[in-house]
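In the two complexes that follow, chain A is the common piece, with chain B as its partner first and chain C second.
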Partner chain A sequence: MTAFFIRRIFQMILVVLISAVASYALLNLAPGGPLAGLRQQQQSARFQITEEDIARIRAYFELDLFLPYRFTRWLVGVPRGPITIGGNEYFSDLVVGCRKPLESDVLNEETGKFEAVITGCKEDVFMKDLAGRRTSRGILLGDFGLSWRILRDRPVSDLILSRLSKTLQLIGLSTLLSLLIGIPLGVYSAVRQYSKFDYIFTSLAFMGSAMPTFFFGILMIIAFSIVPKEAGWPYVPSGLSESVRDYTIPIIGAVEAGSIKDRFLHLLLPTAVLTIFNIAFYSRFVRASMLEVMRQDYVRTARAKGLGERVVILKHALRNALIPFITIVVFTLPGLFSGAIITESIFAWPGMGRLYLLALGDFDYPVAMAIFFILAVLTVIATLMRDFLYTIADPRIRLS
Partner chain B sequence: MSAAQVASLSAETVTIEERTPFQIVMTRFRRHRLAMVSLVIMTLVLLITILAPVIAPFEVQELSVNKYFVPFGTVDEETGRVHYLGTDQIGRDYFSRLIYAGRISLTIAIISTLISELVGIVIGAVSGFFGGWIDNILMRFVEFMLTIPTLPLLLIISSMLLRNEELIPIPEPLLRFMGNIMLLTARDSRNAVLIIIILAGFGWLNAAQLMRGMVLSLREQTFVEASRSLGASNYRIITRDMIPNAMAPIIVDASLGLAGYVVAEAALAFLGFGIQDPIPTWGNMLSASQEFMLDRPWLPLVPGLPIFLCSLAFNYIGDGLRDALDPRLKL
Partner chain C sequence: MYKNRFTLALGLLVVASMVLAACAPAAPAQPAEPVVVTQEVVVTEVVEVEREAFTTPHPILSDLKVRQALSYCTNKADLIKSVYVTLDEAQQASLIMNTNIPTDHWAYAGDANITIYPFDAEKGKALLDEAGWTLAEGADFRTNANGDELSMQFTTTSATFRQTWAAVWEQQMADCGVRVVRLHAPASWWFGDTTGLARRDFTLGAFAWVGEADPGGQTLYACDQIPSPANGWEGQNYMGWCNETASAAIKNANNTLARDDRIKHYQDFQAQFTTDIPSIPLFNRTEALATTAGLTGFAPTPGEPYYTYNVYDWELPGSDTIVMGFPQEPASLFVLVEDAYVANVAYSLIRPLLETSLNYDFQPNLIKEVPTIESGSTSNNDVEITEGSKVVDANGDVVDLAAGVTLINAAGETVEYTGGPVTMKQLVSTFELVDGLTWEDGTPVSQADLELGFKIDCDPESGATSFILCDKTEGVEFNGTSWTYTWLPGNQDPLYFNSGLLSIYPAHVLGDVPAAEWATNPLVAETPLAYGPYKIVEWVKGEKIVYTANEFWVGPAPKTPNIVIQIITPESQEALLLGGEIDTLASEAIVSPTETLAAAAAEGKITLYVQPSATWEHIDLALFLR
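Let's turn to the complex of A and B:
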């Protein structure tokens, strides 16, 4: 048992490491990136960008370092400079990068175009040059570096923290609501199997699971925001997490921008979308699980003992039916962040998901990689917790 | 009783009407009314998209100058053609674009499904059949891929690939072939092929796990043992005994996969990391309509409903197939 978890933890650490490397490689090995636009500007006469400027910008993005050094600096924050042992500096003359690459245009035989090819190096970067540079402590230690574009030179962690509470608000509220509504719905539907309620419920849940989030979100905006607003009925604001200026809604009255009422109204639609989706998913699962459990012998025994139907269902059946459900809920938690990406982008909700899209579209790689890394870690933790909870909730399960 | 006696016995006494497995499955499938309705709808949709150039009154990129957002059913005065669903913000016919978009979206979904199921079948079968270190490596890899949050990774990969389209070399004839299917130029179809690669690259994991599970249980069956004792090679056992007998969950998975791919492709395009605008897909049409829905609230329904309908129909078909093939199956 303990051996299983120790092995599992090692596996998970490996998963985190590999996904860190993978995301880094994906974003850094690809051509283009932040310097692509600069090269075009360099060729136009109006902006005189000198070689020195390019070198400075390359140093800013750490593009002047060789990839292995760049990667370890990003991952764990080393090398920071020459190693000093007993007053002596070691490795200070080690070449770790190239400040000004030597480029020459080479004729590509196939396409007949000239292509810039790096053929050598005019000026090297030495280990001792790294000493003065700012370094993050490394992504593994929770330091995600500085943002490149969105909030230039501000720590990525600040940016993420400012958005995190918004996402947690959305996810927390919708998870809570969907559990509170979804479990009773699933149980009721299972107890009244083949009833009219069960039939309607299962068809609705089936449609819900086939409905794409983005389309459903747009439908909600149309139905509860746009159409009622035009008709002069009370409507719900859609978009952003709070309004910029004051507004009045029929019947509800004046709403001050940034007030609690304002924020609550803005929270309604995105929460509703996420909640309805989770309900469709959770209650289907609870229903199936309940139907399975209610066929078991111990439920029949409980009934035969003369226990009331309420006790049989809530105590004997539901508790056992929730065992697999707990693990499902835990495992979907990181998925909620991914799901929030789409919901946040429809409702312009300033959370992590939107930040992620913004960062990917804007070449702000430190931000994108940080969010991806956090998501990967969350998934891994959820996987571990799922296995762990499984053994706690159900002592019959033995892992090896 | 000798074998001859048994043979004569069964021939005389068994009088049940003989039906092929296919017929049995079809009878059971027909009982699922919604699945049948879905099958009819999807056949219609496929026919319409195949006949796109015949049915669509306008070309994909054809602009009707000064006719932005004309209402449904407006007749073009010069040529007498009808804008059945009106025009979009730059005067392109909505109905025609919708059909062409359907052709592209469905092609992507179908080909992604084919590729991912094929890869899944091969990898799952090899992994389950040979076991040992091959199984260990392959399944660890599958598990690893499943632990990575899918949508964020899809977004990273597509944002990178769409900026560097030439990064993955795709042979020109393939591009031209795909372009012919989707009615695109070879250059435009590169975008679609990249999306197929991205989607299928993540889609095979589930199929591989299913296949491996089936092969593991089939490996112990007597007919496999019989095959082996008759001297069948591994290749023959896998292709003749294992794969045909493990098809039930794969077929169900494929039809649910189709629904997933239609939605996934639309989601990528909707978020701006899929196929880009001049090429029509339901996803980017929906995303474009979002901008104008304040004044025209019905607009998003035009590209949105087909996405939902296809997803729902494929799901119902999958449900019906599961009931027909093996009601105990849980997917």
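Let's turn to the complex of A and C:
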């Protein structure tokens, strides 16, 4: 057991590092970035971008450093300048980047288009130039650096923490409800296969999983917020996580902005959308898994032994049917962190999903990379949890 | 087992190769010589750029008759109708652009002084016939004597808005026998630094320019602003249009101080522009704003980008709070480095602009008067300059005066400097703050605050993008809450009365903070001290910014005690407005008035404001081949 965990932890570290390298490289290779379009902004007597301005902005975002140095500064916060040993500085004149790239235009005769090619460097960045530059302590030490765009020049961790609690509320509650409702529904539907309930349930489950959340969300807003409010009936707020002003809802009464009641009411619609979607998914999975298990010999044997149907289903069938379900459940862990992009957008829910989308759209690489990194860590933890839970659910599996 | 290891090894190899490829540094430093790429690329042959690129007239578009025909065949009203379906005909007609300046702008030449091309397909077809592009019987598209089809690629972005009107324009051209092949490119390519427009990689190209209180235009239309390999792609005259009369007119318009003279120059320019048609102006985009019914005092005005200029007048009966819906959270309130519109709107509540630009003109707001030459607060002095002095040359660049520099002397003549003293014009403006301007903590705004504003805004460590105004400044003298701004000799910026405005920062709070630390300082970025009608109470990240009335505000007392900027999403904004969760949605949220909003306005649930925005769509015509 101990050997297993040690081996797995080393593997996890390796996987996280590889994913960090790959995602960092891919993100930095993607077109766009904080400099994109800067030179194409409408120039005027009051706004002109010079080569020096570009160089300064490149340095501000560390885009003037070669990728390996940028990566290590992001990962572990080094190099920060020349290495000093015994009063002597080493690697001071090591070229670590290019402040002003030398661009040249070439005509690609095949396409007939000009293509900009970096052919050299007009002004290098040396190791000694890194001294005094701002840098994080490194993501491995829990310092995610400063946001480039969304919360400009302020810590990425502030940004993530500001969104995390809202996402945990929404995703945690909807996941819990989905499991509590979805598993019994799936079991019941499997046990009553081809009954009226099964047909109705299966149809609804298909609809639930097939209907896009952006469409379903809007339907819910119209049906439970806008229309009843106009009609003078009880309604629920159409979006946000809490109101700014106090309000009154028929029957429910006065609601104070920011109160628990207010927050609960705001949580209802997005939670309902996600829960219904997840119930459809979970219950169909459990139903299929149960149906497969119910046909197994050991279930038949259990029945033949004269065990009661409840014991057969809950102890012999469900336990085995839930083994593959463990994989799905443990991977809700990274989901708890990453949020639900579409649902959060529809309901203006200030969560992680929306933040992730903004980070990618606004080229806020430090934020996007922090989310990637945390997701990678949570995913490997979820994988470890899955392996551990398998041993509990299935006695045939041994961690050794 | 071995298979798994092999797969793992292969995976690692792939990742490692990707990383290595990504990490490869740029080529080693080379002297800055003209570069000839000699390495062979496997697929495509790479050759040195010919310096005489873009000198071959375009075989179709260089013909004026064709350009006129395209203009006549363009039904601008229908293009507008396709994207602004909820506007009535009068509103749609008000958006039509005849030239590069909106019709309600002070610099508009007037219909009588330009050539207007009303939709007239028959006239367009006749012009194409005259140009040698005829329609064979039964054919859909025209051909010339060589049998070449009249076909051109039309490049624009993939935004839904442009896809919509571009499809209509394609059909309008087809009706005249012109085949337009649409290419909807990603904005990142079309507006990229080294792709699309920047490399004049189009035949017909559509995008928008943003109009301002001052129309500018020199970088867009002057002969020396044509980007090409020879000049390092400097300039934004992507059409490659060089009309010496128009070029001189736009330069004069951009470098003359007297409004009447400028109007005359702009008129001359627009006459040439509409005669030559290097670009087809189409329509102003709209600026749509919506408020909950009953909100009074809300008065967005064309020309003034900040609809919050009179926020103290806003009032919502029965509510002590007005909630503004923002689809994007301000990244920072240090607007020197964060120039996003939402940040500036949020900032304007605590620190209003010193001048407003209602109806494309300037008015004093927190200064006593706009210091124009006419008012006597600005002088344009003759000063004697000697070699080595910093001046602004004839191209608007800051240079050290030396032999060979082209400059404009005090007589207004463009001359080459050969040595000795030369007399040039130098603008000196005196600004004065209104009396009683006070920070929210009760500290009066002082000379130190103005000095700090100038110091920080011109410090390269601050993180600002452009320092061109600082570079053109000779110096600023402070005297209490007034200051005298002296520009470098040769700088004849017509917006001198606005460009010399300073930022005001609280020296008693931030005086000791180095410029490099301003962007990260919460007192700068998140809760800056206010001297405006409102002050910030709290900023809940991702959710809202809460303001309350500033008791020390020097202007009219705010009619509503609290303002909240609620961060929403574009997907939720209409439901939130109709549901009463927010009270305003402005142009940063509404691209164009939707049917839902129009219907809600018709039912009296909301008030919808639609006005021409300063942004205008146009189609540039490439006059030369690559």
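Operating definition for what follows: the second predicted complex is superposed on the first by the 297 of 400 C-alpha atoms of A that agree within 3 Å, B and C clash if a C-alpha of one lies under 4 Å from a C-alpha of the other, contacts with A are read in each partner's own complex, and residues count from 1 in each chain.
The working rule: a contact is a pair of C-beta atoms (placed from the backbone, for glycine too) under 8 Å apart; a residue touches a chain by one contact, two chains touch by 3 or more.
Since this is a predicted model, take the numbers as computed values, not measurements.
Report the partner of chain A that touches more of its residues: chain B or chain C.
Greater contact footprint in residues on chain A: C.
A:354 contacts which: chain B (first), chain C (second), both, neither?
second
Considering only the touch criterion stated at the top, classify A:72 as touching first (chain B), second (chain C), both, or neither.
After superposing on A, A:72 lies clear of both chain B and chain C.
Could you look at A:379 and tell me whether it touches chain B, chain C, both or neither (first, second, both, neither)?
In the superposition, A:379 contacts chain B only.
Quick check for you: in the superposed arrangement, does A:391 touch first (chain B), second (chain C), both or neither?
A:391: touches no partner chain.
Between chain B (first) and chain C (second), which, if any, makes contact with A:210: first, second, both or neither?
After superposition on chain A, A:210 lies in contact with chain B alone.
Taking the superposition as given, does A:221 touch the first partner, chain B, the second, chain C, both, or neither?
both
Going by the contact rule set out at the top, does A:245 touch chain B (first), chain C (second), both, or neither?
second
Based on the superposed arrangement, let me know which partner A:18 touches: chain B (first), chain C (second), both, or neither?
It touches chain B and chain C both.
In the overlaid three-chain picture, which partner chain does A:335 touch, first (chain B) or second (chain C), both, or neither?
first
Overlap the chain B and chain C contact sets on chain A and report the shared residues.
18, 22, 26, 31-32, 214, 218, 221, 226, 345-346
Please output the residues of chain A touching chain B within their complex, sorted ascending.
Result: residues 15, 18-19, 22-23, 26-27, 30-32, 206-207, 209-215, 218-219, 221-222, 226-227, 230, 334-335, 337-339, 341-342, 345-346, 356-357, 360-361, 368, 371-372, 375-376, 378-380, 383 of chain A touch chain B.
Across the complex, what residues on chain C touch chain A?
12, 15, 18-19, 22-23, 25-30, 32, 35, 37, 43-50, 53, 188-189, 191-195, 197-199, 201, 209-210, 212, 214, 216, 218-220, 229, 233, 236, 254, 319, 321, 323, 329, 331-332, 334, 337-338, 396, 460, 463, 465-469, 493, 495, 499, 519-520, 522, 525-526, 540-544, 564, 566-573, 575-576, 578-581, 626
What residues of chain B sit close enough to touch chain A in their complex?
Interface residues on chain B, with respect to chain A: 144, 147-153, 155-157, 159-160, 163-164, 167, 259, 263, 266-267, 270-273, 286, 290, 293-294, 297, 300, 304, 307-308, 311-312, 315-316, 319.
Per the contact definition, I'd like the list of chain A residues that touch chain C in the complex.
Listed in rising order, the residues are 18, 21-22, 25-26, 28-29, 31-32, 35-40, 42-50, 53, 56-57, 60, 66-68, 71, 95, 98, 101-122, 124, 146-147, 149-154, 158-159, 162-163, 166, 214, 218, 221, 225-226, 229, 237-245, 247, 344-348, 350, 354-355.
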